[in-house]
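Each of the two complexes below includes chain A, the first together with chain B, the second together with chain C.
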Partner chain A sequence: MSKSSQVAVQKVVQKRRVWTGARSVAEAVKLADVDVIAAYPIRPYTGIMNALATMIAGGDFYAEYLVCDSEHSQFEVVKHASAVGARTFVGSSGTGLIYGSEAVIVTALGQLPVVGIVGCRSLDDPGNFGMEWNDAFLFRDVGWLMAWSKDPQEALEMTLIAYRIAEDSRVLLPHFVALDGAAITHIASPVTPPTKEQVTKFLPPYKPLHPLDPAYEVVSKAMHIAPSLIGPEQRKSLDAAMKRAKNIVIPEVWKAWGNMFGRDCSPFFEETQMEDADYAILSMGAYSRNVDYVVEKMRNSGIKVGSLRLKYLRPFPTEELARALDGVKGVGVVDFSYSLGSPGNGSVLYNEVRAALYESKQRPLIMDYIFAGGREMTLPELENSIQALIESVKKGSVDKPVRWVTVRGEDE
Partner chain B sequence: MNDEAKLISKLTEIPEEDYYVSGHRTCAGCGPALGYRLVLKAAGPNTIVLGPTGCMYVANGHQFLSSPYAVPWYHTQLGAGGPAGIGTAAALRALMFKGKRKREDVNVVVYGGDGGMSDIGLSGLSMGLTYDYPHLLYLIYDNESYANTGVQASSTTPFGASTTFTPSGKIKPIGNERLKKDMALIAAAHPSIGYVATASVSHPVDLVNKVRKALFSGRPSLVQLLTPCPKGWAFPPEETIELGQMAVKTGIWALWEYENGHFRITSKPTARKNIREYVMKQGRFSHLWRNEAALEYLQLSVDEQWRYWEEMDKIGKIILPWTPSYNRE
Partner chain C sequence: MVSPELEELTWLAVHGRGVINTAHSSQIALTLSNAGVAAGRDAFYYMRYDDSPERVQLPFIYYAVFGNPRIRVILPEEVEPVGSVFDTVAVLDSSLIVKSTSQRALLLDGAKRNAALVVNTSLKPSVILKLVRKYGCAQDWEGRIITLRAKKYNQNIALGMIGAITKAMEPLYSIDDVIESMVEVEGKTDSVDAVRSAYEEADSLKVSLKAEDCEQYNLKSSVGEVKSSMGTKRWWDREAYMILKERVANAPTYEQRIKSMPRWEEIAPALIEFGPRVSERNIGFKTSFARTFRPVIDKNKCIDCKLCYVFCPDGAIDFDPIKVNYEYCKGCGICARMCGSKAISMPHELKALEGLDEEEFLSIREALIEYAY
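== the complex of A and B ==
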């Protein structure tokens, strides 16, 4: 082998890695040169913090790494570090995230661009390692941006993209990146990380407008005042930031990311076989791969079904969704959540999609495929569910829109 | 670390400059507000203050959008004093280390109440006390109740005090039957703690020195500051200082410090006054004014504690005091 070809081979080997989602996110945090990290263990997100601790102990990069006493302290640490002007990283899963909820909520109201990972996990009781979205969904209303990654590669990219969006002065909102527990956090797959130079070019340093630091001006932040004085305006300013994120900043940043690699990066959706689809299966996260597989299989039998993967739950791309589903007659929502007693007794994402399509000129039939409680989705179950959607569209109505797919027996 | 703490010996040496100024709406005679003023005088302008929820959060706000803080200040949640201090100190260190900010000593003072720091925030505070950030002071302003929400008992409320959660009644005549938790001793149990002390707003020179020693100890530190509360303790607002003095003179509040592993009583009452002189001044104890058994017990518990304080002072080490419980019959 000649010397030049050895070099060429080495370059390729360096570029492509096989990483779990946890390791991928840790690499993103290192590339982003994060200043303060707050850790507390709970499966399945913990692997990220394990990887970061190893990197820092080994001198791969420097950050203040705080081993906390609880998730509440974790989120408070990064909130206050962010207020001073540090780039911060945090994460949690399941009931742990809920334990930190008070701190999670004030981070958004403080307009602090913390980036956090949710390694999605079923809520207790009983203890359950299965994947479920209810841990993350509990924060859908409080001003955090929320994106769902599909694999370790995208987990890495979304983390870097999250910093740029969150820290943009037109947004200044915290940002969750969700990794479906086990399916992404623990499964290794090929990852091609960006170079340090590319990330430095893409992600400018975080410069807060009003750092909590005596080297700058004197700031009193979050004073307790008469409730009617700024409460509504404060929430409205978060609302405005969320709208700017959706309409301007998120599309802008994904475009910039795509340009750097000569890729076409759609900000809100990944579409598979959607061009002429009569039926669309809407999903988020890791299991969209399963949907794609079943869709391709059914396409081979001549069924005009497509897969639409949603990247952001917050901000929710309402008009964009209506456009993406234009001409579609039936939509099946693959949902790993439950929302007991909700409209239609459906799950969270299902009701979000229904609400988003309410204003559409031609509303498709919508079905809810619930995979709650941490049970895996099987491909035949998914295919049967899609068949039920097709039959409903042919009939012109849905008998049973909400299906607890893996659960036997009927309602009382 | 670079410099030594600048200590003072008389009242006139306390800086004239204030960093806790007008623009709040605390009660007349408010002990915690006076504490705020003295602590920030001691700390100086290069300070970040973090305020957990409590009366010093709610009463320091104002409907006219004014702020009493002349240094950077940020609210933190009721149980978040510990991590708020750590997050702030960690950010400063990281930014300085990476050259993103000028290298200098910046004080971080968490000014939290007894409920926030000794109940809901104890776990996070304990976490904070195990780290190595310098110039980080956890100050517990101890008015012995959740005064902000209408005076409910906390775990530092003394035996016998009536609060809205521990009223005196026919079946439960004592009021609060639990003994006051000793937060400063709990802080001292953290093996690498920089400095721990108790203080009282009635002893301002001592307080200023203790705050400065804490900030210059090179590690996180804790000062538990007794701040009499006219509203919660039910006494006339002009008697705040007198109440603080009486707490020290009767010995129910011992002033001590723990520095580099060495314990020292900083104000030793020569002849301790009877606890009745302290109790009779406060409405929160009025149901005990004629309860001789309870008063006897209070005196006994103070005497018992002082056997330990004196021994500790003699050997310069901490021994955990133990108090016999109240015998109902």
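== the complex of A and C ==
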């Protein structure tokens, strides 16, 4: 290829495209030059595998693309492929992900840097496919890193960043990137993709430390031995990796990514109007865009409210959160999940935030806005919820900390 | 969907059905969004998430939204865009004019007063106007109808439709923007001619329709306010259950059905109470919107062997006397195949209802290819 045509190609690649979140993740997988992809369809993540299959069939790039017989096989395939040193890609949604859970958990215990997508979907009955985080939250305790993306652009970037973090020799943990079902997977908006050269510089090929290789006579990981022999040490090793990820690797990688594009990439949060905020609305994922919108609207009418978007649920940025919320009097947690019978009968994220702020000197009032069951959040309801928080702070106490928003019927 | 302060948004709704049409619509939305970006606007598109277009025959809607020039994308405030928003409504399958989709009671629900309707059909625009007046409209409409038989230009009907829709959307972006986006972004140089000639040759007709003249005019106004609560009654009360069931069954539009759904206090464990009873059909899931071809039983040939009843996968055929229930029939054609005395024919919906010959799909076999059953 002549030099002038190379320049022309680069210009085209950097042009803005209108992509769905599913398509932009597929483009990220192509840019990352993944070796093994395991697919099984379930809405809403399926679009990613559709796009990848089209790319591979069209000869755009090459990867071993396996259509498995179930989610369980899907996660088994990538687990084994990763163990011999391949860069792997997998994903699922809702109940499908739960069906693969045995392999999901062992992937973490084997310290295999698989990158998986969760297209967040309600757990079933009655045939629900709305957006809810409970499917991903079921794996929050087993050693997977978990990040929530905001839009198709960030879904693309986060997938590339996930590979770099997961494959870092100080971490070696599998990584879920969560895309809010429908809101990101199905809605196309303008995306500016990085070039292949930038990605190659950022993400070198995966060189596993301890691959299973017959040449070195290592063909199996020692799993089937007496339970007490390595069990606790194995888990402690994951714990150390998780801590290193939070304290060292994640900030480092996001900084590197930001430097490449001359941007300031904060690793754990995106803050909107938080400098002098009295009230903070904490959210994750796609609907933080709606929160930002409402917050800006309320700022215009003189209310000191800010929006804080959390990027990582695991590792949870505990000290960073306490610092970010320093001086804030009231926090509203926007949560698309539920945790029935949990402390305070709240949701998952709410309890995580409460636990993280327990040791703060000045604990703010915390309210929980539960948008469960896959129904969309509407702007007036969000605004009403924020008003309730402001009134509680003025009064000094919260009567009803947990609000089931958009639910038909009264509290009992 | 988008910030209310930024007005002057341009909406395109693409109606289609089934797997292959989904791919067509996605290509249409992608190409036109990129054309919008090429013309210096923001654009985004999405498919109605509630639709199941990975399933065969089922209708769906794709939306593409263009900013003039910028959009701030926030997420769906409602399941559907509210109010009169659509500038262009495109229909890939003409049977969708007579058959409402699962989400919108009428084809032109939510269309602006001056909206353009683009239909992939062999029928003339004047015929389409008659159909729309009868089945698809309940509002004042002073726009135009653009028709073309997209298959004439390419087996991939998306290309012809891109040309025709561009004709409807024109001041927003030009045909040159479309060609540029196809060549530069998608690298499709060979399909440019089809798009350009479809753009030039599509039939166009200015229309003027008064709401009172539409046959569906009374559909909206006849619906009363639906009660949102039953007071103190609970799900275990048989009377309460009957009230709820009737309330849900009688609400004609999607929006009203949602409003008349039970509150949490009224919901039975696992929703069992709301399922159909023995020998009843599910009132909450009438599936006829999936039908393009309808089975018609010729009573003179029928020997009453009940084979169609046995093989109908949806239980859409009544046993005695043998009769097709068109509220539940999906038009799969299995009954016609199983019928030993060839008493069941499968005419196109437009043929069965209006006697119109739609060349777009001459046979169910062609539809099989088109929709990939």
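Just so it is clear, the second predicted complex is superposed on the first by the 392 of 412 C-alpha atoms of A that agree within 3 Å, B and C clash if a C-alpha of one lies under 4 Å from a C-alpha of the other, contacts with A are read in each partner's own complex, and residues count from 1 in each chain.
As a convention for this text, a residue touches a chain if its C-beta (ideal position, glycine included) is under 8 Å from a C-beta of that chain, and two chains touch if they have at least 3 such contacts.
All of these numbers come straight from a predicted model, not from anything done at the bench.
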Simultaneous placement of chain C and chain B on chain A, clash or fit: fit
Per-residue contact with chain A, leading partner among chain C and chain B: B
Touching partner for A:Arg289 - first (chain B), second (chain C), both, neither: second
Partner chain in contact with A:Pro190 - chain B first, chain C second, else both or neither: second
Angular separation of chain B and chain C about chain A, which is computed from CA centres of the superposed model and rounded to the nearest 10 °: 90
First (chain B), second (chain C), both or neither touched by A:Ser169: neither
Partner chain in contact with A:Gln362 - chain B first, chain C second, else both or neither: neither
Which of chain B and chain C A:Asp35 touches, first, second, both or neither: first
Chain B versus chain C - smallest C-alpha distance in the overlay, whole Å: 23
Common ground on chain A, meaning residues reached by chain C in one complex and by chain B in the other: none
Chain B-facing residues of chain A, complex: 33, 35-36, 38, 62-64, 66, 68-70, 72-74, 76-86, 88, 102-103, 106, 205, 212-216, 218-226, 229-230
Interface residues, chain B side, partner chain A - complex: 45-48, 50, 57-58, 60-63, 65, 67, 69-77, 79-80, 82-88, 90-95, 97-98, 100-102, 106, 123-124, 126-127, 131
Chain A-facing residues of chain C, complex: 3, 29-30, 33-34, 37, 42-47, 49, 54, 72-79, 184-185, 228-229, 261-266, 270-271
List of chain A residues in touch with chain C within their complex: 12, 15-18, 20, 41, 43-44, 46, 125-126, 129, 151, 181-183, 186-190, 286-287, 289-290, 293, 376-379, 407-410, 412
